[in-house]
Amino acid sequence: MLEAILFYILAAVLLGMGLLVITRTNPIASALGLVAAFAALAALYALLSASLVAIIQVLVYAGGIMVLMIFVIMLLNLHPDDLKPMKAQGLTVVSALMGALVVLGPVIWVLSPAGSQPPAALTAGFGDIFAVGDKMFTGYLFPFEMLSLVLLTAIVGALVLAKRKL
Amino acid sequence: MILSILIGLPVLGAVLAAFFPQERAAKTIPLLASATTFIFSLLLYTRFDPANAGFQFQEIYPLVPRFSINYSLGVDGLSLWLILLTTFLTPLVVLGSFGAVTQNARGYYACLLFLEASVIGTLAATDLFLFYLFWELMLIPAFFLIGVWGGPHRVKATIKFVLFTMAGSLLMLVALIYVTHEVRSFDYTKVFDYSFPQDVQFWCFLAFALAFLIKVPLFPFHAWLPDAYTEAPAGGTVMLSAVLVKLGAYGLLRFCIPFFPYAARAFSHWIMLLAVAGVVHGALMATLQTDFKRLTAYSSLSHMGLITLGIFTFSLPGLQGGVVQMIGHGVYMAGIFLLIGMLYQRRGSHQMDAYGGAAQAAPLLAAAMLWMLLSAAGLPGFAGFVGEILILTSAYKTWAFPALVAIAGFVLSAWYLFNFYGKVFLGTPKANPDNTKTNRKTNPKKDEEIFLLPDLSLSEGLALLPLVLAALWIGLNPNFFMDPIEKSLDLKVIEKLKPQPVMMDFAAQQRRLQDEMESNRQPRKKNNN
Amino acid sequence: MDTFPIELTALLPLWIVVGGALALLLLEALLGEEGRKASPVLAGTILVLALGCVFHLLSLKGMPGSLFQGAVVVDLYSLTLEGICLLSALLTCVFSASYLRRERAVTGEYYALILLAVSGMFTLALASDFLTFFVGLELMSLAAYVLAGYLRVQERSTEAALKYFMLGVFASGFLLYGIALLYGASGVLHFPDLRHFLEQGRYSSPLVEAGAALLLVGLGFKVALVPFHGWAPDVYDGAPAPVAALLSTGVKTAAFGAFTRLFAEAFGLPGNWVPAFAVLAVLTMTLGNLGALGQESVKRMLAYSSVAQAGYLMVGLSAASLAPADDLERAVAFYLLAYTLMTAGAFGWIAWAAGKGETGTGFEDYRGLGLKCPWMAFMMALFMFSLAGMTPTAGFFGKYYLFKLALDHGLLGLVLVAVLNSFVSAYYYLRVVVFLYMKPVEGKETAGLPAPLDLRVAFLLCGLGVLAAGFLKFPF
Amino acid sequence: MEIFYPITPAHYLVLSAVLFGIGVAGVLSRKNLFVALMSLELMLNAVNLSFVTFSRVNGDVTGHVVVLFVVAIAAAEACVGLAIVIALYRLKEKVDLDLFKSLQG
């Protein structure tokens, strides 16, 4: 019962904040909405016994990516006139939302065996740093190495695109 | 090796001509290369064994081993004369273009030689894939020849030509993939021996025939021809009319009919009707033209209709007539178009109105033209006669109606050809349009210069002489051409067309092929070990 | 060394390229101006070295198969894809060298980014599980976004980067969702495990289908299949021409190569994908060609043409669930090789001929160029003939193998549509040749453009490759 | 009431699908670059939720590994995306997608 109450509260926060993100004119408001949504997500991860992921979500997303984004928004210091309010695009939003609901939701709801089966019994330490780390550094060592190159590329790319002189 | 050398020599000539730094050498190199090719190709005739209906001078090397595509060449009665015709005409075209082509001459000759090589390759290929490679390859030099050195509307003409030809060949490619997948081999003789089920025959025949009939061209598919012939430079028109369109007829004889005899018989009446429609349409259109190059283009269309008619009689005289007419048509059309090019070079016009009384100024040119026109009109003793008579008589025996209509078309052809001759070469001389009225004020000239129409130069005469002699030789001694090919035509086309007494069971045939493949594979494995 | 070496050496080309990227960055940082000048040479050397390494590995017997606990698979197919990507990158480097000098925008980072993109391509070509696949795709794409916007003082370049980035990440979202659903259904990420799972037929939900469909949408965006192609013409047109060469060849090769492996090896379900792929193929070819028909800029025409070319590949891929994986991979790999040679060549040619700031990319700008620079123009004509699929060029052989594959498995209607399309495409490809050689020069005579030696060598190799590729022995 | 309680993995999946839909709608409808970027982040996070849920269902932490990878990649993407925004801002002084029309046609 507790899980259900928590789930519904978190889901409401998540979706509400998500809608906030895509409807606000001021990007700062959107960004704050996104932070809140990420926090709700982290809590949901915790509900799903993914402790490490929940922590990382807060640290990296809310703590890293969002700070970067807000920093850039502040840096560019946009004039409020530059930020046009949402025009008559409500229709697009509604249709996209309806599309997602109509197509994806029921497909998963009705057809997923996961929907009806009880979840697997968990081993001790499921989702903690040891279990995840063990998996990451054995079966997924190669993509992990390549991930370092992704970050390198991002750094070099940002440098190339944003530095003053070519 | 003879055939490879025959393909290689023009390619070598083309490359040398294109790379040689001096423009002067650009003329001698192509001439040397093409003349050598011709002399070398005579070996084909001297060593050809008329008693053998199969392929001779065979060469086989693997080309794409994984798909068992081979570089395999061979010559039989069907292709012998067409190869010789090609090698015979190319040096003459080179020689005849000396005066006409002044801009980017190196590229022009390179294209010409390249075209020759690909034509020889097409005629000599005995692997279906290789055939297709060469067949499509012809398009590229022809595209450049018309498009770069052609007349004012050359771009439209060359695009039309390429797209028409491509449309046909792409469908043929699909059929070719299908056929070779069915037979599991690209080898000509393997496909030749295979008998396809009837519905396959229908569709594949249509796909193959479309490609070849566009090239010939048969009546409703001829829209590219008048433009391409008119806009191409003289040498290009010669190659088109004398050599390239023959490949359409050759394709019918070589692939379409023997591969799909059942469908060929079923469609033969339709094609005969269309062929005759082409004869009449070409003749009628020719009478309406004021541009004599266009007139000749339509007359060529008309004559090609006759050749198609001869082929689809499916009788030995008709086929022989068709082949002889191909050679004859090649020779006299080459002559006529070269002469037209020479006239154009002197006056800059293809309009009959711009000329008149040219025979007085240039008697040799007029005589050569008359000679060629007589051949074209089918006067006895000249190149056009034998083929025509053979085709018309055998067509009459097969189906009287189209033959009679075709004869009517031929009477018309004499009329428009001589009308053309009369307007251009007889009557009172007319002034060169370049020098009339407005031009005369700014650029006063003497009267002689106004009517100036110089006679043949040495190189032009040399280019025409062999054609004049050949036109007579074909007319006087047609057996020289018909005898060596009789056996091949008989065994490769006519025999195949006879209704098969017992159609082999399809499944059994597949099994036999598979067994054959297995047995082929095993000894090879042993060799590897 | 006759048999295959162990894990690390089997991935040697990758290590060489990664090391090269790091070396270039260090060079730029430590030597500054001097390092900049040397960077194209160094990048070229590294790529040649890696290419040699790939050739050596190809010649060895006994492929190691999967390595790193199934994360990657080294076989003839992946090595061939690596070779094609290296070829594309090498050509891009040569085209870039003179282009960047002309635009005064030489930096070591540019070449480092190319090498990073190549390592992403390698990862993608080698990938044998979804995670590696995704990481490779992102590595490649990130470098590609930046390269597309490299000339950021030009509006068109930055805009291309933006459009590419937005749609690229958008597509990644779908792709990732597809992976999630597949993971949910099967509980595995490795391709062979997924196949095993599907073959057992234990799954009872359309989760797999929904996942695969989302995957298809995501990949469709990445390789620009209609109706997910909207970004491609703008990006290829807006990006600097040498980068467009890389985006339309190397990036596409890796993405398509992995796409093929995914659907040939992971989803080997008979008949399931034929209708979906066939529809995509028909749409992609037809709309790509129709788009190209109306263009007045050669660069933009090439952009649309590369969309259409993806359609021909889809014709072959339609047989994915019918044909043996080997046959399919062979046909696709050969087509990608041919496509890389001719498309990279064509974009490189634009990079050369368009002049400073890429001001001359229209058909009209190339009037009579064939007479001024006959050999360079001839190369472009050769690429056009190859793209149009005329014999004996590589483009013809590529199309032939793909169409043959589809036809052998009974997709006659699809092949007829493809043939019709390739007929239509001949018109606009030949139009380039018409402008080069057959239109009289109007207005003022311009001098022929100078072509540096390295460019000439690159074009010559490209041209020879286009002519000879069909006859060479293919690795597998 | 049965569909609301008890909470099954399907609930999480639907939540994830709706969040994904919101993200897609944001990307499609908003012309402001920052909002578009944030919507892209929403999409990736929605997928992450699916991964974590499936991990729970399968009792296998592979999904968690994927999520960690996605977080890193999302950071890299945000980094490059913001760099592009800055480059654009330097050219135009605006960050509106509508302004960039020179490439259409």
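Per-chain numbering from 1; labels A, B, C and D assigned in written order.
One rule holds in what follows: contacts are C-beta pairs under 8 Å (C-beta built on N, C-alpha and C of every residue); 3 or more make two chains touch, one makes a residue touch a chain.
These figures come from a predicted structure and were not determined experimentally.
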Requested in this report: Report which interface contains more C-beta contacts, comparing A-C against A-D.
Outcome: A-D
Query raised in the report: Centre of all protein Cα atoms: which chain's centre is nearest to it?
Result: C
Query raised in the report: So, what's the distance in Å between the C-alpha centres of chain C and chain A?
Result: 31
Requested in this report: Take the average of all CA coordinates in chain A, do the same for chain D, and state the distance between these two points in whole angstrom.
Outcome: 6
Query raised in the report: What is the distance, in whole Å, between the centres of chain B and chain D, each centre taken as the mean of its C-alpha atoms?
Result: 65
Report summary line: Chain-centre distance (mean CA atoms) for chain C and chain D, in whole Å, is 27
Report summary line: Residues of chain A that touch two or more other chains sit at 108, 112, 114, 139-140, 143, 147, 150, 153-154, 157, 159-161
Query raised in the report: Which chain D residues sit where two or more other chains touch them?
Result: 13, 20, 23-24, 53-54, 57-58, 62, 65, 69, 73, 76-77, 80, 83-84, 87
Report summary line: Multi-chain touching residues of chain B, meaning two or more other chains, are none
Query raised in the report: Tell me, which pairs of chains are in touch?
Result: A-C, A-D, B-C, C-D
Report task. Would you mind writing out the residues of chain D in touch with chain A in their complex? Result -> 4-15, 17-26, 28-32, 34-35, 37-39, 41-42, 45, 48-49, 52-59, 61-62, 64-65, 67-69, 71-80, 82-87, 89, 93-96
Report summary line: Listed in rising order, the residues of chain D that touch chain C in the complex are 13, 20, 23-24, 27, 33, 36, 40, 43-44, 46-47, 50-51, 53-54, 57-58, 60, 62-63, 65-66, 69-70, 73, 76-77, 80-81, 83-84, 87-88, 90-92, 97, 100, 102-104
Report task. Can you check the complex and tell me which residues of chain C touch chain D? Result -> 130-131, 134-135, 138, 142, 145-146, 149, 152-153, 155-156, 158-163, 165-166, 169-170, 172-173, 176-177, 179-181, 183-184, 187-189, 234, 237-238
Query raised in the report: Okay, in this complex, where on chain C does chain A touch?
Result: 18, 21, 25, 67-72, 104-105, 107, 109-110, 112-113, 116, 119-120, 123, 129, 131-132, 134-136, 138-139, 142-143, 145-146, 149-153, 161, 181, 184, 204-207, 210
Report summary line: In their shared complex, chain B is touched by residues of chain C numbered 371, 374, 385, 390-392, 396, 400, 403-404, 407-408, 412, 415-416, 419-420, 422-423, 426-427, 430, 433-434, 437-439, 470-471, 473-474
